[in-house]
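Think of it as A, B, C and D in the order they're written, each chain with its own count starting at 1.
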Amino acid sequence: MITLNHYLILSGCLFAIGMYGIITRRNALLILLSVELLFNAANLSFVAYARYLGDLTGQVFVFFTMVVAACEVAIGLAVAILLFRTRETLNTDEINTLKW
Amino acid sequence: MNEAFFFYLFSGLTLLAALYVVFTKNPTYAVLSLVAAMFSLAILFVLLHAYFIAVVHVLVYAGAILVLFLFVVMLLGVGREEPASKSQRLYRIFGGFVVVGFLLEIGLIIKAVSSSAQESPTILAGTIEAVGKLLFTEYFLPFEITSVLLLVGIVGAVVLSRREQMPAEGQYLPGKAAEGGRSKQV
Amino acid sequence: MIALLVLIPLASALAVLLMPQERQEEIRKITFFSCLATFFISVFVFLSYSAASGGVQFEISRPWVESLGIRYHAGVDGISAVMILLHGLVSFSGAMVSRSIKERVKEYSIFFLILVASIFGVFTSLDMFFLYFFYEMAVIPMYPLIGVWGSKNKEYATMKLTLFITGGAVLSLVGILTLYQAAGLQSFDLIALQEHFAASPLPAATQQWLAALLIFGFGVIASLWPTHSWSPIGYAAAPSAVSMLHAGVLKKLGPYLMIRLALTLVPEGTKFWMPIVAGLSVVNILYAGYCAMVQKDLKFIIGFSSVSHMGYVLLGLACLNQTGVSGAVLLMFSHGVMAASAFALIGFIYDQTHTRMVDELGGGLGNRIPFVAVCFVMTAMASSGLPGFSNFIAEIMIFFGAWQKYPWPTLAAVFGILVTAVYLLRLVKNVFYGKEKVSWPALKDAQGLAQKTPFVLLLAALLVFGFFPNLLVRNIDAGVKHLIAKNPSIFEVTP
Amino acid sequence: MLALGWLILFLPLMACLVIAGTTLKHEKISAWIACGALSLSFIFSIILFAVLAAQGFPTLQSTVTILPLEHLRLEFGVLIDRLSLIMLLVVTGIGSGIFFYSMGYMKEDKGYSRYFASLSLFAFSMLGIVVSTNFFQTFIFWELVGVSSYLLIGHWYQKDEAADAGKKAFITTRVGDVGFLIGILFLSSLSATLGKQTLDFQALSELLGHPAGHEFILTAICLLVFCGVLGKSAQFPLHVWLPDAMEGPTPVSALIHAATMVAAGVYLLARVYFLFILSPTALSVIAGIGAFTALIAATMALVQPDIKKILAYSTLSQLGYMVMAAGLGSSSAAMYHLVTHAFFKALLFLGAGSVIHALHTQNILEMGGLFRKMPVTAWTFLIGFLALAGVYPLSGFWSKDEILTLAFTVNRPLFWIGAGTAFLTAFYMGRLFFTVFLSEPKWKKEPHESPRVMTTPLLLLAFFAATGGFFGLGTFLHSHYDQAIAWNFSVVAGSLTLSLVAILLSYLIYALDIPLLKPFEKPFSPVAGLLIKKYYMDDLYDVLVKYVQQNFAGLCDLFERVVVVKGMVNGTAQLTGWAGDRLRCLQTGKVQFYAFAFSAGVTLITLFWIVLR
């Protein structure tokens, strides 16, 4: 019998993996990829709740999440391209202009 | 029995793919393995009776987003990452601690709240009709707003990635010049 | 009616915003006529306020954010009627004096009009939220007005002024929000709150720290010692119309809000702090007076003098009796007009000589600009509390009020009028009398209606209310009596 | 009848306002408006006097409330009784004489209209004190007198000395006013404890009719009110402004010294004598100060070379007499001397003005031999001189001897001071008169007599200065608070002899140039130096102002700059900046670090939350 908890734990694991990716990777593109993992972890728990609570709202929200994710990727990749153009690198260690 | 089998199979697959995304040194491989993760997630969605979401998920993520990633990776020709520095190793160790701690916490929380989570007696199928109805009635306004958001995203992406077009010398752009003149004054 | 006081300047600001910046003349006209209109309305409100019936008149109440209980609730009582008249007068003269601004007239006018509107907003609001909202809104235009159009050390001055006043405002905001929570009425309405707290007062300890927040928070803008140091330098750096409005009106928001919020909502707490305020106010009077004595910059002298005079206002307020509080309000009016006149005159001289240092001006200007000199002498006389000007009546009322309660501080305050006379007469002597040591070929006297009107208007107001103080005091007393009736316990109602 | 009183009071103010408002450019009209208004006041005063004389001088009062305070009404009114009637006549009468005289004296002055406006304001302020019904009103006009004297003394404001003198007069008298105001505050609370808070003279005199206790507070009030008198009537130690006030135009000096300003103090003493009579301590202090002022002023007058300054010190000295008389228990004697002094001192000043007008110098050593050149001035000046010296039967004789007799019966030491002062007075006035009119001529340009408009007031004043003693003023002004003064022949004869001896001596020395003083010059030169330096009083005040006050102000300023601005304000700013600088190290600018910190933060917060549950 697969319960809600199974899905939630799976979602948690996915989230943790994504988080680890964000912390350890230095390539901006890979950080963005890890962010996608986080999104999907959230999506999974949305859908799981929708199933187990009998409410389709969860699925609707997954839809919205995807839209946001799409936008995020579009902008994120554009920034990545811009960064690469000006800095010739995507290594976050070398990009530290946030500090002023 | 069937459900459990498929669940364990595809959740295992998802986790493996996700781990590969995080640990591989080659960005191309990372993107491709994320595609795999998306597919297995979509199957999990199907298991949860979210048919429409599953399809959209494959179309949007695997079909659009990750292809975009792939394009960019190819375009920029990002190679392998350099070997880890000392601080990088520190990040890995402490990041590991944090992540494990986080997982444990999630487990604790799930355990704490699990008693209240009862399985719904009726199974609502996430068909196009059902989701669409909800989307276009109760969540109509947010839906419209997401479309605006998308538009903004597109415009933003275009503006950001556009190459700065320098006007050639002697070429006069009335609007821009006035703008520039004023801002200089201020 | 009174909503127009806020709406007209705001609408004009919007109109100016939409105009092209090259059309300076039209922009100036819009500013002028908008201030003229509000001036007329303020005079009308003042005249038609009936002191006999007292209480709040011209009331308007419109819901705004119902869920938080915020309403646009405006009205005029005896005290605010007088303050509205003051602001109408000073802002109109300020608008006339602003003609000397030549750079970026459009932006200047927008900020100026917003400033005018928000001060009117404070004086008319009967809702704590709007009171605070307009108060902050008045502080914000100050920053660019001084920072852009100011002179000499303006960046430092505007930074200091804005930070100080905002700091004080934050203190009082904590007090206001706590009051809102403590009442539990889900309403910011002052009158409702006042009735609630009168029926079920807060415990004494709570009242005390709330009153401390409100009094010392608003004390900053009233330049209560030692949080006064923004004031002289701020005025010195500001363009003259802004100094006029700031020293004349904005500074009076401090005591005004103390009366409106501290005195009405946490009366017992206010009573607890008032002796300390009285002590500090004496420090204000004498300390600032002596500081003024050694200043070399005209605007610094008048700036310190205004700090010194705010000491009298606070002393009157601290008396918590009818004579003292009425005297304080009357002095708020009188000093407002007088300070406006002084800054306008100094601005007039500065615009032509580009110096405000006493020794650089060299003296003997009375010969060259007799009209301005006469106005300045009259202003100085008003400031030093000469009979015939309403400042005198106000100071006398404060002395009589304070004498019953704080004899020793009153003695020091009476001595203060001597100090005031010393530095003002010295200033008059060094600038306008004596031989002309430096020649200013370009210096011209005020000519024509446009240049003379502001000075004449302000001085005439001082003289009229000096000879017939009851015109003002009638209204003020109505307001103060209302206060006393609401909180008889904290007021001295003994002979 | 009281309407007339209001009219008398407000005519000069209207003149002032009309001149300031409309006729500044038309000098002739301005002058006529001012003179007309004050003469009209004078005429009305005479009418008022005549009408009230028929009714036996009742006390009339009418007031309007300017401002009702909580327990106190600030009132404004007109009080007509014997005292104020006499004073009205003096102020308007002598005032109009001086106004007309000014028309000639100030001719060709640039600020002609301004001068007359200020002059009218001055007259108005003085009349306000005269008819005042209460302390509040008196204080108002007290201050107005201060400011109008400021305007008039500083009339020639382009001259640094004049501007300084005006400032000095205003501030010095304001020192007294501060005390006066505090006295009024005390009085208001005292009257409140006695039953009714009031500042009205009549109400107060009734309230204080049966004072039980309150001696200390009454003494304090009397001395504080007397502070105001010290300032305006230029008594020691606030006398320093009066000699400097000579920087103003001469008619202004005449007005200040005769009819207004300095008279105000003595008049106030008489007006509120019901108050002073309650405190013997205060009265003896007052008498002492008066006598002291009389003596030191007379000695300072001995060595002055400036004609106006000699007269100024003489005024100081005579005011000392009046204050002493009031202190000794007779306000009527003080007022009597005030009135006669007003006549002859106005006369002397106008005469001096006439001389100055002719010679354009104020130094008596540059004059001489004017008796033939300016006969009217000389003869009238002689009358003034003899009246001041107290020679029978001129007006000064009667009033001065009344004071001396009073002193003789009440306080013997003060009598000797008074007598000594009388001797000195006659001597320095003799020095002045003989040097200016009878000694060898030392001028270069031929002087000539002044125009009619200036000599007519001289003649009129001379008439009154001569006959002022025969109107029975002393008895007319006598009030039931005053000591009765018995005629004492030996005192009168003695003082008359003293004066005559002094005049003779000065005639020998200054008119005939007999070097009687030669042997005394050497040993007394330090004394003369002290006198020339005015007992170093001015220097003392200069030191006080320059070092004590300025240094205190400098200290405040330093405190402001260093502690408040640099320490508290900029210190806070620097602390904030420093804290920001430290905290900035946390901002590495590296995304990875932020991500790590963020995750760790979330984990920790969640942990915290779990533990808490």
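The rule we apply is simple: a residue touches a chain if its C-beta (ideal position, glycine included) is under 8 Å from a C-beta of that chain, and two chains touch if they have at least 3 such contacts.
All values derive from a computational prediction rather than experimental measurement.
Which chain, with its centre taken as the mean C-alpha position, is closest to the global C-alpha centre?
Of all chains shown, the one whose C-alpha centre lies nearest the global C-alpha mean is C.
Cα centroid separation between chain B and chain D, in whole Å?
Chain centroid spacing, chain B to chain D, equals 93 Å.
Taking the mean of the C-alpha atoms as each chain's centre, how many Å separate chain A from chain C?
Centres of chain A and chain C (C-alpha means) sit 56 Å apart.
So what's the Cα centroid distance for chain A and chain B, whole Å?
Comparing mean C-alpha positions, chain B is 5 Å from chain A.
Can you tell me which residues of chain B touch two or more of the remaining chains?
91, 95, 98-99, 102
Where in chain D do residues touch two or more of the other chains?
Chain D, residues with two or more chain partners: 592, 596, 599.
Going through chain A residue by residue, note those that touch at least 2 other chains and give them in order.
19, 23-24, 26, 93
Can you name every pair of chains that touch?
Listed by label, chains in contact pair as A-B, A-D, B-D, C-D.
Applying the document's contact rule, which stretches of chain A touch chain B when the two form their complex?
So the residues of chain A in touch with chain B come to 1-10, 12-21, 23-27, 29-30, 32-34, 36-37, 40, 43-44, 47-48, 50-57, 59-60, 62-64, 66-75, 77-82, 84, 90-91, 93.
In the complex of these two chains, what residues of chain B are touching chain A?
It is residues 3-4, 7, 11, 14-15, 18-19, 21-22, 27, 30-31, 34, 37-38, 41, 44-45, 47-50, 52-53, 56-57, 60-61, 64-65, 68-69, 72-73, 75-76, 78, 81-82, 85, 88, 91-92, 95-96, 98-100, 102-103, 106-107, 110, 114, 117-124, 126, 130-131, 134-135, 139, 142-143, 146, 149-150, 152-154, 156-158, 160-161 of chain B that touch chain A.
So in the complex, the part of chain D that touches chain B is made up of which residues?
592, 596, 599-600, 602-603, 606-607, 610, 613
Given the complex with chain D, which residues does chain B contribute to the contact?
91, 94-95, 98-99, 101-102, 105, 108-109, 112
Which of the residues in chain D end up touching chain C in this complex?
Those residues of chain D that touch chain C are 66-72, 74, 136, 139-141, 143-144, 147, 150, 154, 157-160, 163-164, 167, 170-171, 174-175, 178, 181-182, 185, 188-189, 192, 197, 549-550, 552-557, 559-560, 564-565, 568-569.
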